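Each of the next two complexes has chain A plus one other chain: chain B in the first, chain C in the second.
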Partner chain A sequence: MENSKRRFLKGTCALFAGATGASLLATVNASEGAKAESDIKYAMIHDETKCIGCRACEVACRETNQVPEGVSRVRIEQTGPFGEYPNEYYHFSRVSCQHCEDAPCVNVCPTGAAFIEKETGIVSVNAWKCVGCQYCIAACPYKIRFINPVTHAADKCDFCRETNLAQGKQPACVEACPTKALVFGNLKDPTSELVQVLRANPTQRAKVALGTRPKLFRILAKSGEVIL
Partner chain B sequence: MSALHFDTLVWHWPIAIYLFLAGVSAGAMFFAVLLKHFVLKQNAYQSGFIRAACIVAPVAVMAGLGILVADLTKPLDFWKILVFYNPKSVMSMGVLILLIYQVFMFMWIGLIFRKPVDAWCESRFPIVLKLTALLARFEATITGLLVILSLALGAYTGFLLSALPGYPMLKNPVLPLLFLASGLSSGAASSLLGGVLMNGKPNDKEVHFIHKVEIPLILVEIVLIFTFFMGLVLTGGQSKMAAFNALGYGFWGWIFWVGIIGLGLSGPLAMNLFMTTTSKRKWAYVAGTACLSLIGVLLLRNFILYTGQMTIA
Partner chain C sequence: MSKRQWLWSIRLGAIALLLSFGATSAESALQINSDTTCMKCHKRNGQMLGHHGQDAMKMTCSTCHGEKGDHPKKPNDIVVFGMKDGSELDTQLAVCHKCHTQRKLGETEWTHNVHAQKVPCAACHKLHSPTEPMADMTPKVRSELCRNCHSGQ
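Up next, the complex of A and B:
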């Protein structure tokens, strides 16, 4: 008995040491991956002061990325009207993936189907690997992921990674916007329009307190209401 | 907003049942090991309660996995979870724990029933005897790892939900402990219920032992539930909102106060204390108390899952 007890203790200790070692290795690898970063990191700005709520972005995204009816990768949320006639106005804000640097959807995905593309920082989904457990949908604090009714995989905005971006074009929503309210570009390129706009304007990101480090910036329009 | 359908609801009741069944399995194995080592020693396989645990644990864990797979949007692709792993994902690590747990569970069950198995196989499949002898050499290791794995499995059911940062009520460090404690007590209850349904007697020493462990376990659960909600209220903001939304009023408020606190915790606590002090144990008392515990735990899983998703950060 004494012997087997000792053997058991030894075994468990080895197991724990092994497990700790493996997880340490995993973290080290992860941070090394971060060190060997590429010089592209895509981000987007939605200038709410320029947005007129025409929803051209929604339509363009649906067409370009073949997003089925009933679900959407980007929505313009409208509140209002505020103010008195004839000076009524609405508030529009963009609801889409924030391309979090520390993305909860990626952290929870059991198969690695939800992933961050190392070269670009884009958060994307490998539809083949996805089993549809919906863990990522529950984990996303911005509630913008959905199950694509055609592929049965999780889906969301991927900055047109597989469509327009692959063809060297700007994302479809950016191209479609008539007032140039959307700016897409490389955060690491100081000469890019994106960085210029970010430097020149006060911007805001949603729910930063959760530690997700989102890469969708918004230039706020007056909100028209006071919410405490 | 209706209690069972609302915008921010992603995971429905099948997940709650999966969490419940995983907890039952872990708890049943945990108590089976305790019973064997502290009460029954040899010939444990003759006890109805051990037998019940050895049936409940595998059936529960496999049924749970079945429900999990059926609930995927691509059930036929479930093998990808077994092939691709993500060390950062609680679900991925949980599946790994579940698999290893099942291996040790079956080895331990094999050891419990070694005598009858050996007797039956002696003339028919002598090769099996070598296998059981090999297992017996590692009995202590198998038992120890089974205990650790069952505790890990019980806690995993909570970590699965506490890894969701968008829901302030679920992102709560007490949740894994709460689910572990309630999972253990559901395992104990299912062994008791199965035991008295088989050849166990309500006055057997196994019942005395489990009841003695259950009283502090229920008290711990009550303390954990209190800490869980106190933590939310004191955190303030959306966490406080989440706590009030869950407990305050309506359908889930009733489920919590009447179903979980009343029937699921106070009921069994009172019955256990009564049975311990009077040492009168009738079949109906034991079975009834066990049923109350099980209902309470099942309600708790659903309550946490649904109310947890009602309020977002």
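Up next, the complex of A and C:
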């Protein structure tokens, strides 16, 4: 009798120990898995010193993502002229989604249509979930969202997540840029061109004070034109 | 090559030649194209069919290209327009600036400002052709035009 009680206690203890160990292992594995998933965080740089204002990015985006006329996911805003004739120049800056890490549009979306893709950090829209309430449009501090007149859902730049990226290519605007003013890449990969350019140049992001942590960097232009 | 193939190529050549004559012999009724001095030689490459050739403007070949001088002997003072084998940049620009002021050009299209005194007008504009390639460009054609020069940076 004594013996069986001892054996029972031993067995129970062993069982508990085993279970705890296994569950610990499982949690370790799970956290490793989560880490592997978030190894990518996409960002973009617009080098305004290289931009010539040709708007090839706008055209390419419209074609690739079937963006209807009248609305646009990416726009080049032009200011100027500065300087004196014959050395006048303009400034060009990219107006598009900043892919905030703490995105106000995602926070306000009542249906969960606006979301941040966990694997890539891309802020995107599930058109079929969107009810068109336009809260996101009001909430976006960068004013880049719009209602797509064809799908009647909120729309914006998604780094070509469903088109070019899915095919293993760079976003359409990056591919189209003749002066290589756009750099797209993974912030978490120290060998990527994006990180190299970020390290080598002073960059700015728009409205950082809002705490949205945007991921569209700009290299500020002194002169807006490439010297021929 | 067989005899038959030769015959065919000769026939095709003859047809092409006839077609090209046919195209050029479509006489333009514009006054500027009746300038016999120039048209004697430049009937094929000198027809002025664009906006600048309209009678109301009362322009002649020499208005832009300058007086004949020693032409066709070389060297001569004829102004040739173009990016690659044109006259000196300043010479080309001076001709256009006689009528088109820089201020107005800049107001109409910002790209004039950034290319001022760097590129001849004829790099983009074609005056002889009946249609001006810079008019009514689609955004795509326009960005392609920029790409022609601004690539490989």
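What we mean here is this: the second predicted complex is superposed on the first by the 185 of 228 C-alpha atoms of A that agree within 3 Å, B and C clash if a C-alpha of one lies under 4 Å from a C-alpha of the other, contacts with A are read in each partner's own complex, and residues count from 1 in each chain.
Convention: contacts are C-beta pairs under 8 Å (C-beta built on N, C-alpha and C of every residue); 3 or more make two chains touch, one makes a residue touch a chain.
Keep in mind the model is a prediction, meaning the values are calculated, not measured.
Given the superposition on chain A, which partner contacts more residues in chain A: chain B or chain C?
Higher number of touched chain A residues: B.
Using the superposition on chain A described above, determine whether A:K207 touches chain B (first), chain C (second), both, or neither.
Once the two structures are laid over each other on A, A:K207 reaches chain B alone.
In the overlaid three-chain picture, which partner chain does A:G112 touch, first (chain B) or second (chain C), both, or neither?
Touch status of A:G112: first partner only.
Who does A:P68 touch here: chain B (first), chain C (second), both, or neither?
It touches nothing on chain B or chain C.
Touching A:P104, do we find chain B (first), chain C (second), both, or neither?
The answer is first: A:P104 touches chain B but not chain C.
Pick one for A:Q78: touches chain B only (first), chain C only (second), both, or neither.
Touch partner of A:Q78: chain C, not chain B.
Let me test your reading of the model: by the given contact rule, A:T179 touches which partner, first (chain B), second (chain C), both or neither?
In the superposed model, A:T179 contacts chain C only, not chain B.
Taking the superposition as given, does A:A138 touch the first partner, chain B, the second, chain C, both, or neither?
A:A138 sits against chain B, while chain C stays out of touch.
Show which residues of chain A both chain B and chain C reach, each in its own complex.
Dual-contact residues (chain A): none.
In the complex of these two chains, what residues of chain A are touching chain B?
1, 4-5, 7-8, 11-12, 15, 22-23, 26, 104, 106-113, 129-135, 137-143, 147, 152-153, 207, 209-212
Quick check on the complex: what are the chain B residues that touch chain A?
8, 10-11, 68, 71-74, 77-78, 80-81, 84-92, 95, 138-141, 143-145, 148, 163-167, 309, 312-313
Under the definition above, what is the set of chain C residues touching chain A in their complex?
Answer in residue numbers: 102, 106, 110, 113-119, 139-140, 142-144, 146-147, 149-151, 153.
Would you pull the chain A residues touching chain C in the complex into a rising list?
50, 52-56, 58-59, 63, 78, 80-81, 85-86, 88-90, 176, 178-180, 224-226, 228
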